[in-house]
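Look for chain A in each of the two complexes below; its partner is chain B in the first and chain C in the second.
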Partner chain A sequence: MQNVSTQTRATNVKGKRKISRTRLKEIGTGVFFMAPFLLIAGIFIFYPILYSLQISFQNFSYLNPSAAEWVGLENYRKLLQDTTFLTAIWNTVKLLIIVLPIQTIISLVLANILNSKIKGKSFFRIVFYLPYITSPIAVGAVMVYLFNQDGLVTRFFTLFGLENVAWYTDGDYAFYLIVLIIIWTQIGFYTVIYLSGLQSIPEDLYEAARIDGASRLQQFLHITVPLLKPTTFLVLFMGGLATLQIFEQPYVVSTTGGALPGSPGDSTLTMVMYLYTQAFKYFEMGYASAAAFIIFVMIFSLTVLQYLFFERKNKG
Partner chain B sequence: MNTKRILFYLVLGLTAFVMLLPFIWTLYASFVKQDLNVDTFSFDLAQYGIDNFVYIITQSHIADWYKNSVFVTGVITICNLLFNSMAGYALARVRLPGKNIMFFFTLGIMMVPVQILLIPIFVMMAKMGWINTYFALIVPFMVNPFGVFLMRQFFVGFPSELEEAAKMDGLSRIAIFFRIALPLAKPALIAQAIFIFVWNWNSFPFPSILATEPDMFTLPVGIYQITNTAYTSSITKSMAGVVLMTIPTLIFFMVFQKHFMKSSINTGVKG
Partner chain C sequence: MKRMQWKFMVPVFILSLILSACGADSETKGEEESEEGDGKVNLQIAIEATGDIPAEFQKQVDRFNEQNDENISVKIRTFSGGDSYNQALMGQVAGGVAPDIFLLDGGQRTKTFADSDAILPLSELASNHNLDLNNFQDTLMEAFKVDEKLYAIPKDYNTTALFYHKDLLKEAGVQPPKTWDELRSAAKKLTTEDRYGFGINPQINYFLPFVESAGANVITSSGLQNDALKSEEHQKALEYMSTLFNEDKTAASPQMVGAGWDGEMFANKKVAMLYAGSWVTGVLDENSNVGAVPLPVKDEKASMLYTAGWVISKKSENPEAAMKLIKFLSSDEELVKGNKAGLIGLPPTKSAMDKLVKEKKNDPFLDVYSNVVEYGTPFGWLNPKFVDEYNKKMEVLMYKPGEITPEEVANQLAK
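Right, the complex of A and B next:
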């Protein structure tokens, strides 16, 4: 051992020039490999964040960017008094509160059923996953018609006492149409995540429980649910982030027939929709940037929280 | 025991029905000739035909949108595969000063919600005169921090003996990367290709502001115009457009469905 290390040291001293040249070459290669990513991400992700922050303190019109005036915190002050923006935040939070528990429980149950001895497992998995990869624009357009007056699903729900109305034209119905669309789109994805979590639970735990006489329900509540806690956290975080950023589906549904985004009233207006409409319909880009930054801070903190949570888990 | 089994199949079957219904209905509606008949099923075959498809193909720019979507998504996917893999490989394998900072940079921008980039990217593109060009639809999306992270994790967990051996044989780093590392990274590349393709094929907010001329639309933007403006205002014609747009994703999904499940687990659980 001693011998080997002295030997290497000897060669190191002898070939010092040569080694530093290979080291230089290594650095050159590294720079070459990193350059395209760093360059493009720097220009189109990192810089725009700073630029957006700058615009949010200005009275900015894209038609004449050089005429932008600094207005300090004016945009932010106006925003926090803007009832439409507050409604958009409230709608988004309401979506979060309603969607998260429902889709998490459904995914958990479906994953558990799929994990038992069942035929056609992969068929069901494929079918459940389909909505998740379909364009949200297409999904929104189709749902509008399925939930139209006299539409197939609308007529089905009249059996349970709901009215035969076009769901997108009525405030409460429109909001719950968005809820249904989000859940329909997402549960297949979270079912797959839960399935992979389930497969990491060792089978002998269940065997031991069975020997002790635990019922299937007891096994589910005392083994499956506690051991899936990290997966559940992941599903909640990811679902939370996806819902906070929801845009396309409510946008398509509410603008059917040329109506204003978020209509009827502001019942389906979400945070990102508000930002998009202010910026690209009314061209209030400074104002919209301030909204973007508030949304950014909300979403970013949730993401950092998720990251810290799983980092700690991975380490400990 | 048996009743439970039946209950399980009932739940799965019902869920599958709910999941498939919109797809089946869309396909059905796209073949119904008259909007009036869309909600009443009929065995009268004269009600059905391919008129809607003919109308959409001849009367809208859908051929352009297809071409744009295929080209834009294709170029974006290839660039991402190349650039993200290069960066991920360097972060995992190359001894480089400042590597930790670069890795934190990658993690940091991974957490940025894309919506905040809408306004600045639009303004930047307008300034450069790139609105309604392929540059605007492609260049900002050529790299993706998720892809870099995915590739880094793959190479960190992958034995490097083969690469070391190649190094002994005097192959340069760049040759090792392209001829040895990249072919071995096929599973990670497929996972990456899948989510990059699907994200960009379905992407709506960015293309909708970066392309304003109908012949520069991508499919989601074009389909949105068809379904949500008065210019067709027809349910059945809209559904024909939706069918044409959705078919490529479904085919792509069917071909790669095994990898889809794996990649959602990789990007999800480990990310």
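Right, the complex of A and C next:
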């Protein structure tokens, strides 16, 4: 892009359309270096996205693509009346509202603890980061085992008055099991981001505060939290995107024992799980593509909103 | 800006030309390969398997190669099972590189492929090769007919039965139940602190025979029957199962006892009786003393059939050779051998089943299976979306009966 803008400017200034040989050569080199990306992205990203957009207006058969019929907005109309899809959206939004604040606060606190001078710091860093790099499938399988009826964690929670049931089969508990799993897997990653944010806060600020007699809590609230604001926005931004696209963990947990994705009922069905089921179980490609675009628009607009917010805060 | 973008396109265009040229190159090479070695016919057969080619299947194919004087070379391709098998296969068919022979579940799946003109009708081919279609179980053949035309040759089948631990029934002084009332009272007597009397995975996959036994034929070869779905008989069946789960508390699902699947909960004796697919006996150890009876009857006999069949791709260049292989795989000898080796379920032909019953005299189940197949309903008739909808509703009815009534379930499903 650099090439292009400079070039346009150059032509404008000179008022001529002719491009010198060297410029041409430069452009050629630039394009040459970008070609592998453009080619791969074109074939594997942009073309499929556009094709999928086309399919979303069609009644598309996977087996016989040439026989696809145009149905206009029919797929979209059906989707917005589909209570299962609306439930999936609501579940995902609910996840976002619950997961985001909790995981952000926990990672902030954890990062601060890890940043202080406690023993075995690097050990705990690894421990907190491990869930994030563990395969979601493995995490799901282990969680199902722990939260089974008479499972280790289930029994622990009965001490607090919860029932001894397999969490993933109970309509009330299953959703919160997903919440727990997401938070547990994600915090390691955001803790690391916060840790790097903490490094950028100058030590002398704390020193000055200590001399003025500020307590540790006051230091945390009045120095650490405000100065970490950019990091917090980053964490919220990334956490939001990850949560909206959540798929593996709820899929593994809900399909235990041959149950349906999203079971019991639709209590753990997320948007992406719904999309997956429509596309690769029922092979309703047109319908699934329409769902994909509704999800895309949702995530994209949220991203733009967050970005604008982030930018303004940064400037202000 | 606009002008410049074209400049980007030039190398992209050139590169894509080069790439497509490469593609075309390899395609022609592929064709040459299949034609080389004059007279040699290449066949590809696809099966569901995770990882390596099952040794027993390789042996079958080897035996085929020995018996055939013609030069047919068979290549086995494996796809991992379940949904991913369908995904992979559909991709291959759409891409025009499907194997000559592959397996499809009976019912809706076969219909989808037949409707898309991806597979060949087989009756004529079969009679050309003297494959006796009357020898196959009629109920199985029904699963592979689309508009009266046969599109697949059944490979094997599994069915459902009521399995019970003989020792537990003896202890409680209970006879294997023959009617719904007997099943209910037996389940009551067999329920103790450690176990439930009756087990079932509360899904239409195993529950449909109950519905049919109550007299509601919700599914036929022509599709879902709305009247039967709404009918009182259907509601009665739902109510009966809900009573066992919620009122009597004598029935359990695998989830309720923390088992991965129904076979596991039966093998661990978490339930004394289990209505399930015939494959559950595979997990029993040799000491277990288990018997089987057909579904306890309300008004009609019923059972479920799960069957897959061999189909021939429309794109196949050698349908004749493909049918030859299918005929070989459907021979009594191979079917009996395959069943004994654990490669296939129950033999789909009457003659092979008779032979198997004779050879495995001490198998307590075969007799039941060979009976229930005669009045079974192919599970594949149900479309996967309906199955999921039904199971969701049933889950609520079994686990949260306050939220929905059998009548509501029946009416909502009928739409």
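General observations
Heads up, the rule we're going with is that the second predicted complex is superposed on the first by the 268 of 316 C-alpha atoms of A that agree within 3 Å, B and C clash if a C-alpha of one lies under 4 Å from a C-alpha of the other, contacts with A are read in each partner's own complex, and residues count from 1 in each chain.
The working rule: contacts are C-beta pairs under 8 Å (C-beta built on N, C-alpha and C of every residue); 3 or more make two chains touch, one makes a residue touch a chain.
All figures in this text were calculated on a predicted structure; none of them were measured in a lab.
Residue contacts after overlaying the shared chain place A:Ser61 against chain C, while chain B stays out of touching range. Look at A:Ala88: by the touch rule set out above, it reaches neither chain B nor chain C.
By the touch criterion defined above, A:Asp150 reaches both chain B and chain C. Looking at the superposed arrangement, the partner reaching more residues of chain A, out of chain B and chain C, is B.
Judged by the touch definition given at the top, the superposed model places A:Leu177 against neither chain B nor chain C. Within the superposed three-chain model, A:Thr169 lies in touch with chain C and out of touch with chain B [touch as defined at top]. In the overlay built on the shared chain, the residue A:Phe283 is in contact with chain C alone; chain B does not reach it.
In the superposition on chain A, A:Asp266 contacts chain C only, with no contact to chain B.
In the superposition on the C-alpha atoms of chain A, the part of chain A touched by chain B in one complex and by chain C in the other spans residues 27, 31-32, 34, 38, 62, 65, 148, 150-151, 256-258, 280. Residues 1, 4, 7-8, 10-12, 15-16, 83, 86-87, 90-91, 93-94, 112-113, 116-118, 201, 203, 254-261, 384-385, 388, 391-392, 395-396, 399-400 of chain C are the ones that touch chain A when the two sit in their complex. Considering their complex, residues 8-9, 11-12, 15-16, 18-23, 25-26, 29, 38-39, 82-84, 86-87, 89-91, 94-97, 99, 102, 105-107, 109, 111-113, 115-124, 126-127, 139-143, 145, 148, 172-174, 177, 198, 201-202, 204-205, 208-209, 219-220, 223-224, 227-230, 233, 235, 238-239, 242, 245-246, 249-250, 253-254, 257, 260-261, 264-265, 268-269 of chain B touch chain A. Note for the complex: chain A touches chain C at residues 3-4, 7-8, 27, 31-32, 34-35, 38-39, 42, 61-65, 67, 148-151, 166, 169, 171, 256-260, 263-266, 277, 280-283. Contacts from chain A toward chain B in the complex involve residues 23, 25-27, 29-34, 36-38, 40-41, 44-49, 51-52, 55, 62, 65, 109-110, 113-114, 116, 118, 120, 123-131, 133-139, 141-146, 148, 150-153, 155, 184, 188-189, 192-193, 196-197, 231, 234, 238, 241, 245, 247-248, 252, 255-258, 272, 275-276, 279-280, 285, 288-289, 292-293, 295-296, 299-300, 303-304, 307.
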